[in-house]
Amino acid sequence: MTTRRPRLNDGVRTDAMSWTEYVSRLRADPVVILPVGAHEQHGPHLPMGTDALFAEHMAEALAERLGGLVLPTLAYGYKSQARSGGGQTFPGTLSLDGATLIAMTRDLIRELSRHGVSKLLVLDGHYENQWFLTEGIEVAARELGPAAPSIVRLEYWDFCPQSVLDAVFEHGFPGFDLEHAALIETSMMLYLHPELVDTGAIPRDGPADFPHFDTYPQTGTGVPPSGVLAPAAGASAAKGQLIVEGTLSALHEAMAAHFGSVAAPAPATPASSGGG
Amino acid sequence: MTTRRPRLNDGVRTDAMSWTEYVSRLRADPVVILPVGAHEQHGPHLPMGTDALFAEHMAEALAERLGGLVLPTLAYGYKSQARSGGGQTFPGTLSLDGATLIAMTRDLIRELSRHGVSKLLVLDGHYENQWFLTEGIEVAARELGPAAPSIVRLEYWDFCPQSVLDAVFEHGFPGFDLEHAALIETSMMLYLHPELVDTGAIPRDGPADFPHFDTYPQTGTGVPPSGVLAPAAGASAAKGQLIVEGTLSALHEAMAAHFGSVAAPAPATPASSGGG
Amino acid sequence: MTTRRPRLNDGVRTDAMSWTEYVSRLRADPVVILPVGAHEQHGPHLPMGTDALFAEHMAEALAERLGGLVLPTLAYGYKSQARSGGGQTFPGTLSLDGATLIAMTRDLIRELSRHGVSKLLVLDGHYENQWFLTEGIEVAARELGPAAPSIVRLEYWDFCPQSVLDAVFEHGFPGFDLEHAALIETSMMLYLHPELVDTGAIPRDGPADFPHFDTYPQTGTGVPPSGVLAPAAGASAAKGQLIVEGTLSALHEAMAAHFGSVAAPAPATPASSGGG
Amino acid sequence: MTTRRPRLNDGVRTDAMSWTEYVSRLRADPVVILPVGAHEQHGPHLPMGTDALFAEHMAEALAERLGGLVLPTLAYGYKSQARSGGGQTFPGTLSLDGATLIAMTRDLIRELSRHGVSKLLVLDGHYENQWFLTEGIEVAARELGPAAPSIVRLEYWDFCPQSVLDAVFEHGFPGFDLEHAALIETSMMLYLHPELVDTGAIPRDGPADFPHFDTYPQTGTGVPPSGVLAPAAGASAAKGQLIVEGTLSALHEAMAAHFGSVAAPAPATPASSGGG
Amino acid sequence: MTTRRPRLNDGVRTDAMSWTEYVSRLRADPVVILPVGAHEQHGPHLPMGTDALFAEHMAEALAERLGGLVLPTLAYGYKSQARSGGGQTFPGTLSLDGATLIAMTRDLIRELSRHGVSKLLVLDGHYENQWFLTEGIEVAARELGPAAPSIVRLEYWDFCPQSVLDAVFEHGFPGFDLEHAALIETSMMLYLHPELVDTGAIPRDGPADFPHFDTYPQTGTGVPPSGVLAPAAGASAAKGQLIVEGTLSALHEAMAAHFGSVAAPAPATPASSGGG
Amino acid sequence: MTTRRPRLNDGVRTDAMSWTEYVSRLRADPVVILPVGAHEQHGPHLPMGTDALFAEHMAEALAERLGGLVLPTLAYGYKSQARSGGGQTFPGTLSLDGATLIAMTRDLIRELSRHGVSKLLVLDGHYENQWFLTEGIEVAARELGPAAPSIVRLEYWDFCPQSVLDAVFEHGFPGFDLEHAALIETSMMLYLHPELVDTGAIPRDGPADFPHFDTYPQTGTGVPPSGVLAPAAGASAAKGQLIVEGTLSALHEAMAAHFGSVAAPAPATPASSGGG
């Protein structure tokens, strides 16, 4: 759900590139980024594509700094859980089985390896995806052996600097656990896409009070009816800017350092250059 | 890869909608559309996201006419075949295993059924997807039984009126077989997104001359080096307009007639309305 | 469902061969043919094994001309679709999941590679099988890497010469789309196995008039009650002879040319020669 | 690999029946039989389709006595094991993964249930198939619930009367363990299809002497080079007649008694009667 | 790896119970507990079965307090990750694919539902298992529908009281992230099974310093050579007692409250009572 | 469900070993043993973990004699069948799908290969497991290629000497078919774990009288209500000692001879020695 107007070959998105341009770009051994999101309720004030949109934004902004490329975002993710995303009882939350997400991830890595990609960043914007992305990567790496790309998987919010969190949360940062459609995400959206926030609909639900365990079949018990797990009151574009830009700087620094030290893998099936 | 700037709840895209708006829209029993594309070489002059972009455009324009909703596009599709898309030997073509596409389709239908969606259109923009979308639908329908939505699967180009094809192809329409990155797709893109066409890069390759069989492992033999299977010369935005608008009209007419006569299915697992 | 009486080692069928004879035949690097059919309604006048029988006949006749071998026919195929085979609502139609047909195909190729087979022809007689055979081949080829056989997949009717179709269809050939249990198949069966046709039961249903889309769950709407999609009136053994022999000639020519130019693959797991 | 010449609707084979005849036959609630074989080395004197041919013969002869129907034989089976079939080191042995055979079995039962079949006999002619057929049946029965047919799975040789074995084996019957391509199977083939036996090629290998365990990866160690696990000397058509007819009588008696007492299951998805 | 000597029917373990006793116990609608562990390196001083042993201990002690039952522990878990368990580069770490752990979990729940179990606790002792257990539970719950048991999944350490952590960690509890084979686990083992600790082998490695991302293929980079992620110095049986008993008390309280309020589900397939 | 009290690194169990000790032990190229059991009804007098306990005992005693290692027992097995274990109609019988057991076996072999294990014994204590263990081994061996360990799969009772069976069964040994929870297993348990036998509960059911076929869906018809398939009367610890020790001696002899002649495989992925 990008809001930028792409031009052919003029940017970081591979889906707005010709294959000949892609081949040309690969010669520089760029970091290729796969953003992964979800289609999940984010309260009455944020869009269901929030996780995908944030992952995509982080990926594009990072790729611009790193000279990287960005693949089309995986727009659907693993099943929402009550304690982290409100869970599967909300209409609109549209989730995949774990096996499906594992297979998607594996298939794409296999293809990128065929292309000769040697540096891959799986940039996750939906907490529940983490372990199925991990397994997809593990399975692909086992299958590809020494020809596997060097792969990083991360959740972007882990790079938000403590100083930013201290500044944003006046009464101390309580941790990311309940930050679903709450202060952080609402602020980020107000900064990045204010037209996608209905500020009048921000609920006043207090923070959810979950036990230390999960229950199944999911019933939504304990989840605030709005789907928002912690207060979003006080969200602002200014706070969003702090969060987004602080996170991006830290992410850039870490990835530049990491991938700068990665050597290209052994060539696997050499990618041919077209038909004929 | 939309190029429209969405506003929350202001349009047909579910990823730009809150879950509460989605629940509200579902009361009218709308047609929900899943566009399916691919990430596949389309010659040196068109972007790799071409199939996804066209499927998405058709879905959005159709949804506007039908009062429907559009889900996020599946941006990756089944493996490109030499005779229809140039095949898997091109770098940039990024394809899924059949089982993965089957699973994606099944998972999404299962979730939509939970939401109470009763009319689903799987709108395919990549020829090779057809049978795996079909199997995903068959498997979901079997699992859901009487609670399955009423589902249509189609390839959009089958709705292009013969009169349009006659007008566009001066020397007679040779059939869709080789229309990969050729006259039709180039014209459509010139009409919809001229900034995504590099008209200077349109190759002069003649039409590919394929035998009546497929060979494996894929080697690219017989595929023009550019990846374009038939001449794109003569492509124009005017022709693209004829094709796009003619197809949309026919598609609208057929879907309005079909879904207008569909009754809602037996309620399955009633979708609850949030947490709590 | 062959009607020929085999003798041990005296012909092209591997199931009527000893393993020692098979080893001996493999020394000539023959084309090995896997016929694939279906168990599907073919109207009240043709047997449900029609597709399997035709694929098997084509395979045996072709093998005799090419010095090839024929494996046991896959007698069950992918799910019948309303617009091409009448669909899954008919009792007697006995179909497989896509994943099952993919797995069958992959398993057999894996074994043939172990035997040292280097030339494989998957000869399809059931339209709906095509893409699952393709995926089975793709998956096997990926797994086997350079040791994969050279594989061709085709649908036999694509080789029927235009001149034959012109001769058989007095009012012009309308295309293969509705040729299910219709003029072509009835004529072929009258030529090959007249005892398997109940000419008195040929229905007078006019051609089916399908829309440009598929609907699910399958209900049989629009399918003629007989299961025959186009008129079979006018079918004759003479027309069948034209079709069968014309198709075989073209098929022979194409396969002789193609496989004549194929070199043996790199040896994979060398097949041992028995126990001990 | 039948050697009988079928006529439409004139016999027990469903692949030589029209769907309308099949519907008509189902009204009598017949036992439907699925023969399952293999494509496996059977020494230098017997064809690789031996197991399939025997299963098919037993099924057809039994169906004639029971008024039953016979489905197309599954011609490929589970992997040959050294101690029971010589193992996977022989070229020509063409085996399936366990998961594939499970899926085949499940898919067919699911379809038969849709047709309204209430009595199914899975008649196995290849020892190694047993447990994967069992799992396919178990999985289908779980999925179908109360609408599952009443299913029997058996290996035909378990019905060979002890009196026959005593008569055939002068020095006492040593058990079925090594009876692969040996006295029993060679005699049966001499009785049923003498043209498929090369009596001059019967090897003089003594019985194999296997330990009480299996070893992997399979190497063929301990397997006689001919693939024959016990002497076939003394095989005769007369002995074959005793075995085949004695087995059939016992099989008939058991199945008539068992299925005679089975009531039809609850109707599941009622099979419609064609299109329209 | 229990160290208690069971007597038939005298305790909580179902594997030391007859089926008749099990049926008798089920009448009280007990909480059934499935402990899940791993076989994973835990430094040079702790056994590889540590996670399984702790999960099993917690399960047994909890079952005694709740009047519950304990199933055999799953002794193998999901792949170790560098940042939480040292990763897959250590010999001895013996892990499952995600799909396998999902299937194990689903299969067992399906069977327990057949038995009539209505309260299930999946008690996890290996961090990396969490999401695959979750998916196994989700898949089973979907399949079973209203007959699914009421299921809880938890990681036992989440119940360790803050007061205990404050007492155990003199300089403040740094969080569970690096507590692999470190102070907590070593203390617990010294309390529960001192004979399974080699106190002389406790390494002096400082805490690992991991970045905020995971890298693949796993190489062990950044993991201390011992496999211990944080200092275990200062571990003692007394601290272990505080941790184990504090955790158990909190766990007991939470589960008694939760399951005390759970009603039995709708009966699914009623479990019969034996053969005959 | 061991009853021995392990000490760290003092014995054969890998779950009571540190990874450093495991690495040290592997230098001697030991036989690594995977015991496989079940959780299955064994009448009113024996525990449901009987098969697992016997497999584990045999594995540990054998490992001590061979200098081998024992992995944690697989405590759940394939579905019980009426004729061999009473079947799936008993509450308490807790079984896996075939695919799950195949996957478990494959995963563990894959990991052991990574560790450098070259000799693996899969020691089965539950009859129904055999073919799914076999397939798991076959699949792993195919995937690993020349780096696969040398693997043996056996059922321990096949090693019980005829002389022991003659001594134990006064009226002649009727074969293992009905020996479920009967004389052999009850005697073995009286010898190994008398506290796990309720001698007062041994039923007086006569031997079951099964036909030569299996029926599905399983209903328990023909299975004695106790779940015991043949009389256990006359069971004694003395007979158990004869059986257990006789079996172990034969097993030891066979495995020592077999594995003594096995050379280490080609090194695959060399196992690293920890992190860092």
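When the chains are written out, they are named A, B, C, D, E and F in that same order, and each has its own residue count from 1.
Note that in this section contacts are C-beta pairs under 8 Å (C-beta built on N, C-alpha and C of every residue); 3 or more make two chains touch, one makes a residue touch a chain.
Keep in mind the model is a prediction, meaning the values are calculated, not measured.
Separation of subunit D from subunit E in touch steps, taking the shortest path, is 2.
Chain centres computed from CA atoms place D at the largest separation from subunit A.
When every chain is reduced to the mean of its CA atoms, the largest separation from subunit B belongs to F. In whole angstrom, the spacing between the mean C-alpha positions of subunit B and subunit D is 46. Here the CA centre of subunit E is 25 Å from the CA centre of subunit F. Separating the CA-averaged centres of subunit A and subunit D is a span of 54 Å.
Counting partner chains per residue, subunit A shows two or more touched chains at residues 88, 97, 99. Viewed as a network of touching protein chains, the structure reduces to one closed ring of chains, two contacts apiece. Order of chains round the ring, counted from subunit E and going first to subunit F: E, F, D, C, B, A.
Interface residues of subunit E, counted against subunit F in their complex, comprise 1-3, 5-9, 13-23, 26, 39, 41-49, 52-53, 71-73, 75-76, 82, 86-97, 99-100, 103-104, 107-108, 111-112, 114-116, 195-198, 201, 220-227, 271-276.
Those residues of subunit C lying in contact with subunit B across their complex are 78-79, 81, 88, 97-99, 102, 128, 130-132, 134-135, 137-139, 141-142, 148, 150-154, 158-159, 211-218, 254, 258.
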